[in-house]
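Let me begin by handing over the structure; questions about it come next.
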Amino acid sequence: MFQVLVNGIIVGGIYALITIGFNLIYSAVRFYHLAYGAVGILGAYLTYQIQKFIFETQGGGLITGFLLGLLISSIVTGMLGILIWKFLYRPLRKNGASNVSMIVASFGLLIILQNLIGLIFGQSAKTIRLSEVTTQGYEFLSASITKNQILILIVTLVSVFVFELFLHRTKIGTAIRAVGQNSQLAAVVGVKTEKVIYITFFIASFLSVLASSLIALEISLKPTYGLMLILKVIVASIIGGIGSMRGALVGGLMLGVAENFGAYYFGSQWQDTVAFGLLVIFLLVRPQGLFKK
Amino acid sequence: MLMNKQKHILLATMLTVVVALVLGGCSTKVANLSQEKIKLGYVGPLTGDLASIGNDEKRAIQLALTASGRTDIEVIFEDSHCNGQAGSNAAQKLVNVDQVQLIMGAGCSDATLAMLPIIQQGQVVLFSSLSTSPELTKVGGEYFFRNAPSDDKATEVLAKLIKNKKIALVSENNDFGQAFLNDLKVKLAEFDTTPVADEIFNTGTTDYKTILQKVKESKAEVLAVISNSPVSNGLVIKQAKELGLEMAYYGTDSIAGSEFSDTAQDAAEGVYAILVAANTADDRVNKLLQLYENTYLEGPASDAYTVLSYDRMNIVLKAIDAVGYDAEAIRNYLHTINYDGLAGYTSFDENGDSSILPLVLRFEDGELVPVQQ
Amino acid sequence: MSLLQIKNISKSFDGLKALHNLSFNVNDGEIVGVIGPNGAGKSTLFNAIMNHINKDSGDIYFDGINITKKPTHPIAGMGIVRTFQDSQPLPQISVQENLDLAFKYQTDISLVSVFGRHKFLQEEQQVHFTKIKELLHEVGLGSKLNVQAQDLSYGQGKLLEMLKVIASDARLILLDEPFSGLFPEMIKLVTKLIYDLSASGKTILLVEHNMQLIEEICDRVIVMDAGQKIADGDFKTVTKQQNVIDSYLGK
Amino acid sequence: MDFIVQLAIYSAIASIAAVSLNYVVGFTGIMSISHASFYGIGAYGTALLLTKTGLSFVPALLLGVLITGLVAAFASVPILRLREDSLMLVSVGFALIIHSLMLNWQSLTNGPRGVKSIPRPEIFGISLTDKNFYLVLCLVLLVLTIIIFYKITKSPYGTVIKGIRENEEVMKNYGYNVSKYKHSVFVLGAIFAGLAGGLFASYIQYISPESFILLPSVFMLIMVILGGMGSIGGSIIGAILITVIPELMRFAGLPSSFAAESNQIVYGIILFALMYWRPQGLFGKYKI
């Protein structure tokens, strides 16, 4: 039983990490950036490629290869995130596109990105690993956690903590929150909203690559994971409260735990039903989610 | 009123585009008849979850064709997207427009079952190396052949191996998984053994730790993974080892191949596989896998289906040489053939099912080695 | 007997008292002005009457019937219509369709009516229908029937909104700043339309900032400030009251 | 020529679904992504009735459509409480729940193995094994659908639902019971989706949950958006294009190694470009 909770928290941690990025973008530009899942997976593929390059040709260690790959691909994908806003979404918004047409456009982008990944990296699954040997998890309180999971937990906690600090302590952080609250007002007060949106897209894409690469440790990489991830992220962000950072954290964890308990008691084939049942219930009972007023 | 004029122009262009495309369709048909090249069809999952195995099939056909040196034969590859409507369209196009007499393919039973009425009506031979669902034996019809053995043979072998042990079954919630699972349960019941755990997971599931937790609590001695996706097989076994489940692992035919070993890596050690055709003891198989790796710079996602598809192409070539390119003649010829293929001696019974029997193999330091029962 | 009775309704949005036990009556056939500084709660009053927002306390009676808790559409069905502050007609449908929607006699709209035999407008409806056609030409919208409403100018949009009010043939009409943003000759046209309405026995509640128009049109004036009624009477006496002047000068 | 006839049949069935979706999304502004689920319920309803109860084609199809209507009536209560993007999301949630019911309610739907050998329909004794007769059946039903929806959208009722699309609050102010209209629009749209589903099932003679998952709903939405919101002719052309073009791409002779992915990329580009240049679609009058 406790093991199921542990599994839920670890998966939930990853969902939370991605949902934070997703909510950040939503609060800045007010629409669901569906292609966000594919951006993260693209970044994870980059991490895989860099790690393979370092490990096989440069003879570097798996872990150093992974960390270096993570850093490089997060920055590169962060740039990509900015370009996506600047050349794809902003012209649409300037053209007077409504929220609904922005969602439809971003779904189109998701399909394009997913198939580009399929073309470039091929359809077969790729694996990122940190050690040659599959090591058995460490036992404590009748639950076992593997090395990867511990790393995921640590990185999730650290990035959530650093992110909260960044958001509330630094100037840019407050600017992002101001734009999130009310972009017109922020503009009036002199916040350069355009620059803030760039930073938001950079950070969000950075986080999504981080989380997608971590997930790849557990479930390897396939081009179709983008859609799967974004559906989970939407559920988590609605539960937590669309646009709120703390909501993203709680929403992600709740989704992870709910899915795992659903799988445990009803069988894993009902896992998605539990997740989307939760989405429907929250949209009806509390559409603004847990943390929004 | 600009709005209306603009609308009429757009309407007109749209209609001309559609008409042009449709006519385009017909004109290529006329062109085909003039060339005397023999046209074979292939319909399989080139996108979607089974894309990697579909690509294996396609590459195996291309390898066999180049190896045979035949220039008078051309294979038209169509993607079934693992979906009924696309599969039936692909088959209809091949039968109706390309006038093929024989189609290789049919992977996901969605596309297969949607193609069967077209095959039977068009009286074209359908030769599959991927669909193993036992239900096709009855429904296939006289034009349906397959050299991949029906699952009821595999379940027989597996049932004998794991009878009266504490068994945990983890199966994928798709046509292959559920058909195999139900068949296996029936066979196990004959040996009056009932599984201690019976978990089903949706296609595309990636986190199996919670299912495996239930398997752990069921104190099973044997874990049988029933899925035709190499990634799912790999993840289940890897996560089971991470959870410290000490039990014998059994998998099905999609275990042999790079995609599974990449995902499971060293966790694959000691895993039993009930599978067909990846018998590495036969050096023709090794030569083919090596040829595949040299040509495509990566190992096949599944050795079994690559070998079966390779055999299939050679069987079709043999049939055409023997009786000419006519569906009726090929159909009768296939009933009489006993081909010495990489997957073993292949002959077809009256339902078109193949005589090939699955072997029991075991992963020993990265290699699949046959195990004597 | 007064047509509309507001009995000490109050409504606060987390602390801000939008309406604070406000009470007043409007008699049949009267034109009553509602004035007060911005944020005095005028629009909130209209929202409260139409039950767009539910009230914290108090009751509203229309023609003697308690409509406090009724959903918006039955209230409108009883013969009340309201315009929104800078309301424009529905944009992506034609002027004709906008009018049809407001036309009171378009009652039994159901799927059955689509396929059933098309009921011919009774004589009384026919009269009403021709009257609107005339008004359309009068205000210069006669030629724009099939134009998408979004292609009209702001002024023409406001005029169309007034015509929709007339078409609805409602007994009580809540006008929320019908004159705002209009050129002088448009204001004359709207004023004429209001007089026509009043002449045909309609009761009007008019929210407006333009004081001359209020003085010219209204029989009686209610002054609101911070959600409370601070004066109720004819224009002259009310504008002399000290507390009204203070509220406007922002003391 | 069977290939062309089969394409025509699939286009006609897709057009019926697209026109009914346009009635819900284009005319009334209810952004529902669960249309393929009703298409699926219609298909399963008809297929199960045909295979399990031995009913003949016409009663099975009508009953299948009725069942879809009932399910839609229940589903519309939660779905229509929301608007715009949250309605889209709850309808996605509903679609996925229906899909997993199809997948896991094995006793009823035979789960992932789907429903096999659905008999080809017999109407008044004419057996429709011949594709041409089936095409005639589909075209007759398509024409019927067009007439019905044309008549509705041109009638005063049509004006009311267009008014609801524009602004629900204003419509309430004029005394219209907005939720009653939205429910009846949602259910009628679902009924025609069920009809299309029933026709699809008895033509393809095998259905499984895979063909009714999220993607078909999105494809239907693309048909309506491409064709044009609020234009019946537009949705039909959109349906024909989305059904026919990928099949004709088979002739384009693209090397199949990247033909499959490039098809999908073309859809993505169509979606994005449309939202930029013509959000109202080719023939539509209303921007989403």
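In order of appearance the chains are A, B, C and D, and numbering begins at 1 in each one.
Methods note: contacts are C-beta pairs under 8 Å (C-beta built on N, C-alpha and C of every residue); 3 or more make two chains touch, one makes a residue touch a chain.
Not measured: the values here are computed from a predicted model.
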item: Set of chains whose contacts include both chain D and chain A; value: B
item: Chain at the geometric heart of the assembly (C-alpha centres); value: D
item: Chain separated most widely from chain B, comparing mean CA positions; value: C
item: Distance between the centres, which are taken as Cα means, of chain C and chain B, whole angstrom; value: 71
item: Intercentroid distance (Cα basis), chain B paired with chain A, Å; value: 34
item: Mean-CA-position distance for chain C and chain A (Å); value: 50
item: Whole-Å gap separating chain B and chain D, where each centre is the average of the chain's CA atoms; value: 31
item: Where chain B touches two or more other chains at once, by residue number; value: 47, 51, 173, 202
item: Junction residues of chain D, two or more chains touched; value: 100, 103-104, 261, 264, 287
item: Where chain A touches two or more other chains, by residue; value: 118, 269, 272
item: Chain-level touch network, classified as line, ring, star, complete or other; value: other
item: Touching pairs among all chains present in the structure; value: A-B, A-D, B-D, C-D
item: Chain C - residues contacting chain D, complex; value: 50, 52, 71-74, 76-77, 81-82, 84, 87, 90-93, 97, 100-102, 106, 109-111, 113-115, 148, 164, 168
item: Chain D to chain C touching residues, read off their complex; value: 151-152, 155-160, 162-163, 165-167, 169-178, 184, 188, 285-287
item: Complex interface listing, chain B residues touching chain D; value: 7, 10-11, 14, 18, 21-22, 24-26, 28, 46-47, 51, 58, 77-79, 81-86, 88-90, 92-93, 95-97, 108-110, 113-114, 116-117, 122, 133, 135, 139, 173-175, 177-179, 202
item: Touching residues (chain side chain A, partner chain B) in the complex; value: 3-4, 7, 11, 118, 122-127, 129, 132-137, 139, 144, 146, 215, 218-220, 222, 224-225, 228, 260, 263-264, 267-269, 271-272
item: Touch list for chain D against partner chain A, complex; value: 31, 78, 81-82, 84-86, 88-90, 92-94, 96-97, 100-101, 103-104, 218, 221, 225, 258, 261-262, 264-265, 267-272, 275-276, 279, 287-288
